Amino acid sequence: AIVAGDAIGDRGFTDMAYIGIQEAQKQFGIEYKVFECNVDPSKYFDSLRAAAMNYDLIFVDPGYFFDKELAEVSAMFPSKTFVYIDGTSSLPNVVSVPFKQNEGAFLAGCLAALLTNKTELCKINAEKIVGFVGGFDMPVIRDYQAGFEHGVKYVDPSVKVIARYAGDHYDPALGKETAYSVFKEGADVIFQAAGPTGLGILEAARDYGFYAIGVDTDQGYLQPGFIVSSMMKKVDVAVLDIVRMQIENSLEKGSVHVYGIANGGVGLAYNQFMMDTVPASVYIEISEIQEKISNGEIVVDSYLD
Amino acid sequence: MSKTYPNGLEALREVSFEVRKGEIHAIVGENGAGKSTLMNILFGLIKPTSGEILFNNNHFSPKHPSEAIDLGIGMVHQHFKLVQSITVAENIVLGMENRFQSKLRRVDREAMNESVASLIDRLRMSISPDDRIDSLPISKRQQVEILKVLYREADFVILDEPTAVLAPNEVEDFLEFVRGIREMGKTVIFISHRLGEVFSLADRITILRRGNVIGTFDKRDVDRESVANMMIGTATDLSEDPPDCLGNESVLSVEGISDVSGTIRDLSFQLREGEILGFAGVGGNGQEELFEALAGSLRLASGDIRLVGSSISSLDTLERRRAGLALITDDRMGKGLAPDRSIVENCMAGHHKFGKFGKWLIKDTDARSFTESIVADYDVRCGKNIKTAVRALSGGNMQKLLVGREIAYEPVVLVAAQPTAGVDVAARKLIHDSFRRLVKTGSGVILISGDLEEIMGLANRIIVLYRGRAVTEMTHPHYDPTEISYYMTGIRGAQDDRYSHS
Amino acid sequence: MIGTRTLSFRKLLLSLLLVLCILSVWALIIWFGGESPFKGFRYIIEGSLGNHYQFLSTLNKMVPLILAAAAVAVPAWTGMWNIGGEGQLLLGAFGAALVGFSIDFGVGLVNIVVALIVSAAFGMAWAAWPAFFKIKLRMDEVVTTLMGNYIAAQLIAYLINNPFRDPRSPLAQTPYIKSSFVIPYLFEGSQFSATFFVAIGMVLVLFIFRKRFITGYEFDITGSNPVFAGLSGIRVKKTKLLSMLIGGALAGLAGGLLVLGMTQRVMQSFSPGYGFTGLLICLLAFNDPLLIVGIAFLFSALQTGSVNLQLFTSVPAEISGVLQAVMVLFVAAFKTFIVGRREG
Amino acid sequence: MDIELITTLFRTSIRMATPILLASLGGALTYHAGIINVAMEGLMLISAFFSVVFSYLTGSAFYGIIAGVVASMLISLLYSVFVSFLKANNFAIGFAINILISSLTLFLMRVMFQGKNAFNSPDIASIMELKVKTGNYFLDNYLLNFSILTYLSIAIAFLLAYIIYKTSFGLRLRVCGEMPQALTAAGIKVGVIQLWASILCGGLCGLAGAQLSLYNVRMFSRDMTGGRGFVALAAILISGGKPKRVLFISLLFGLFDALSVKLQNEKIAPQFALMLPYIMSVVVLLLFHLKTRKQYGKA
């Protein structure tokens, strides 16, 4: 089962996990259920408990929503396996699946910094400014921001980053105005990490004519030609992997499975939309940087820990 | 016609009566007899439990006032139904203002004011159609209520206690004016507790007693005493004289008070022990302000108020009550009671500050017995249930409750504004008697009333208020009603005022 | 109010009709959601009352609802509208957490009592400024308390993101409170704790306060007719201020109990709208403390029940909101007929 | 300040103000009729949803708006039946309707668009702008190129000022709020006046929702009204329901919204900037009260 802190349709980790578990059902014929908590803390404990009573493998997505409740419920069901998505937990019957979003965001930052210097592209202006727009102001999102800023500075320290928050994950109109404001201040590439609010940001890219970088899923199809790439966090792959391990009886309680650039758990979406807009030279540079992260040459800044 | 209210109270019991075309038909009865209930049924405001109405020989059972209005029935309600923030003219034409719609559905103010002004002129009233209601004194508001009905050219006019708040000279004009309506061929139902008015106006009189019709009589066949007896069931003495127990000490002295807005100006008087001091005047000449100045809810610009020697000007209402003041307001629904709360809760109010029912916890039995004694002493008809909401009482019974509660303070000074407005003869006597008993103990009473008969029958001394000033003072037994009403209306005394202040 | 009205056959009939109406509309919705209504009802009932665990969960979820409703009710007695329960609750929760993670008095009970007092004080403070503006300047408290919610939400978001952030969590939240501040669960496998008795205790205190205390009586009179109250020597402004402060304290306490008894930290999206649900409950309950408990129970049962419904059927989770709204609509409408209008 | 910055602020203000203005004009009508309408949030949301659905299906923003307005009016009708005829408490019904619609739109989205909390598509037609390029900077940036609903809403503000204070319906409306008994005594049914006010309010909230989901953005997402209905309520209460003041206050709120985006930087945490619109609404109310207090002295 999946116990989701938010609900399906958040265009983020819940949707990704949902895709993963559907795929797992197709491949392995498992039974599953998604428990949606709609960010209501009073439902965390009950949902976890109900899931643990009825299912063997419980994805807790994202884990950090549930720290305390998970500690309580996992102790009540020592035989069940809980999967802590997007972080690490030291509880005995919990498998941890941390994602290095800062590494992915770093690549997005590199892409943005490289693009804003390519003034020959039609949407790129002379100013060396890129933007970041977040939804809720919270540490995970700040982690995206930190990775992004590090990436920008790594490529070209003279590029300025304007970072703004819409303060809400569910207000696309406000997201759009925030992006508009950042764009008007000179940013021509904007990275968003804002859930459904981000949909408004992507729309702003099209209406006002700048490049946007999507987040979590491959969002290129939403506004073709304006979304140069997306920074993906492949929760679906992780879910599928874990289910496979469980079925193959190779899943160890307490194990940690890191998803980062190295194993393709996070990274940019190299899709048709990117091919169409991004010059080959940029593509090559990004690949080189990605290699450096994989082999540990670059250690990306993080807002967390 | 029968009506049983949802709370089980049987307000009307198979009442039947008939009104002839073109007559003035008075309905009299003590408080709570069911007069207002009956009229509200006729006007479609409430539905009868059983019974039927024939109007011009047609069955008629209005579900909403609009149906009654369509048939030419108009009603002046006992409690005002005026909108404060709009003008006199707007209030009057409300519901018909679309007559004055000009281009673009705009209401043509001038045409509207003109048509209202012509009606006002015809009736020789002095109201401007452009005044806002909240700037008018009570008596003027009553006139607006009446104008509303007449404006609709209703053929059948119901007047539920229209004169209760009018000054004597206004009453006379008003009665004249009702006669005028009859001359125009209209039918009038007239409700009043003042039998004098009833006899000078009505052609026939229907007497209601506790929800039953006692009978309908031709005016020539009955006299005041017999009607009063039939209303109440016992003989009563209607003539009164002021009490005689004046002491020498001054209990209240007011020295040159003026309020911030200048409605009362430089008012001074003394109240002695055992004295009832009457304030006569046409409504709106400073009575309300005088009351509020004494109550402590009006800011004074100058002057001082002393209660048994010590100044109370800077005290708030609670501290004044502690010092020995009690207050009967003229607006029982708005200021004197909490209509949605029970009788017990209304009786306790104020007294609870004196530790009568305990300091922290309410002693239920004390509250109950206190209330029951007021209800019994003042004959408040509430069907024995002191937990019913005050709203369900008739106007007069509310008033008795209010008076009872205030006198129960055993105050040093009682300020009573219109203490018998809308009260029947027997209750009026009851209230007056309680004032007399009070002054026997050495207390003083300030009686602010628009009812000259009441003041002359009760007060040892009368001060006439005109435009916020004391224009004259008379002492019992040298009262002259004509003289007083000259002062009240500014025919006397006002000239001096005009000369000295312009 | 309630005491003065009598039960009659008509009222009984209307009440039955009300239940019937709600149930049939519910049935329709569940059927539309793709499940047989009877099965649907069975899951809802089992999910809320089915076994002692479910029942305790229902009781436990009543705690914030009861107090948030009381936070609206007490000011309503004096004629004040407190729409700011949400903000007051957040502040109260933060207050409790602040004490809980930063101080320690050594004795568990002292810790808990101090934290709860601080939470009530924080809630009270957040109700104080709208009350003050109302009394001094006659500023509409509906606007100020309503806006206060949004301001409080951002303020808390700032505090838990910056100065009081738990550095170990990727979520914006305060550090966990110390274990000596935790109000322990009473039964294995359930979050039910003594907080429930605190909430019920508060309700009883309020009930007695209103019916038996002089000040409670003054609240009622002030709410019913402030001009009259003033003429009777009641200090109207003080009374209104006091009622608002009590309301704020109750909402703050709700937040404090949630933190000490359940979440042990304040995180973003701490309240799923307790303040507004509390307002609804209070309105349906005529501001009456005892009825609040009854209606809060219904709301809470519906919530736990719909979690269960979602678990065993394909009916989507949103249905609980729809069911709740239907219940409120009908109860609010029938109330007029069953008990009569407040206005008389 | 730099002209480009002012222009950006101005354009954002106007765009953010329009839905609030439309909704608060609608709410002003019920306010005068004696109902404080807390259902505006839900009314906007249902309209935002149906506007998007119908704009998507028909490819015409006009039909989208119509569908949104009709949906919002129907819910308003329901609201009015409960509040004006069944005499239920307006706060209870209002909040219940908000919960109902918030859940209902999610429910419908799951049924219609396969489990998404947000729905967007290039096939959603957006509301027209008054698109003229005159070449004059001032005209182009300050007066032209806004949604046609923006111009309409300003016209409606003046129209309502006329209706409320000059016409017969307006008179009855105001009486209905202040002293309904007077209306009954004059033979006019209070419920009917309130019904009309509610339906008109529904229509205007419908326009507000359409503006939000077909112009400000072209999509629907869960609870996308984001509390704007309550901000509109604040605008009404602050302005006493007077349309011209409502216009002024709504524009002010739009400006604060724009500023809350703009002001964020290293020194000002986003939370404090985002608080601004709400703090300012309290401050505006405060200033207004201080002003009246000075005028009339202490009461």
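Going in written order, the chains are labelled A, B, C and D, and every chain counts its residues from 1.
The working rule: a contact is a pair of C-beta atoms (placed from the backbone, for glycine too) under 8 Å apart; a residue touches a chain by one contact, two chains touch by 3 or more.
Since the model is a prediction, treat every value here as computed from it, not as a measurement.
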item: Pair of chains with maximal C-beta contact number; value: C-D
item: For chain B paired with chain D, centre-to-centre distance based on mean C-alpha positions, whole Å; value: 46
item: Averaged-CA centre spacing for the pair chain C and chain B, given as whole angstrom; value: 45
item: Distance from chain B to chain A - Cα centre to Cα centre, in angstrom; value: 76
item: Mean-CA-position distance for chain D and chain A (Å); value: 34
item: For chain B, residues that touch 2 or more chains besides their own; value: none
item: Where chain C touches two or more other chains at once, by residue number; value: 154, 157, 161
item: Residue list for chain D, restricted to those that touch at least two other chains; value: 269, 271, 274
item: Those chain pairs that satisfy the touch definition; value: A-C, A-D, B-C, B-D, C-D
item: Contact footprint of chain A on chain C as seen in their complex; value: 57, 61, 64, 154, 157, 161, 165, 167-172, 176, 188-189, 191, 262-265, 267-270, 272, 304, 307-308, 310-311, 317
item: Of chain A, residues touching chain C in the complex; value: 7, 33, 35-36, 38-43, 45-47, 49-50, 54, 62, 64-65, 67-68, 76, 86-87, 136-140, 143, 167, 304-305
item: List of chain A residues in touch with chain D within their complex; value: 7-11, 137, 163-168, 170-174, 176-178, 180-181, 184, 196-197, 199-200, 203, 222
item: Interface residues, chain D side, partner chain B - complex; value: 162, 166-169, 171-172, 174-175, 178-179, 181-189, 297-298
item: Sites on chain D touched by chain A in the complex; value: 4-5, 8, 11-12, 15-16, 109, 115-118, 120, 212, 216-219, 221-224, 226, 257-258, 261-262, 264, 269-271, 274
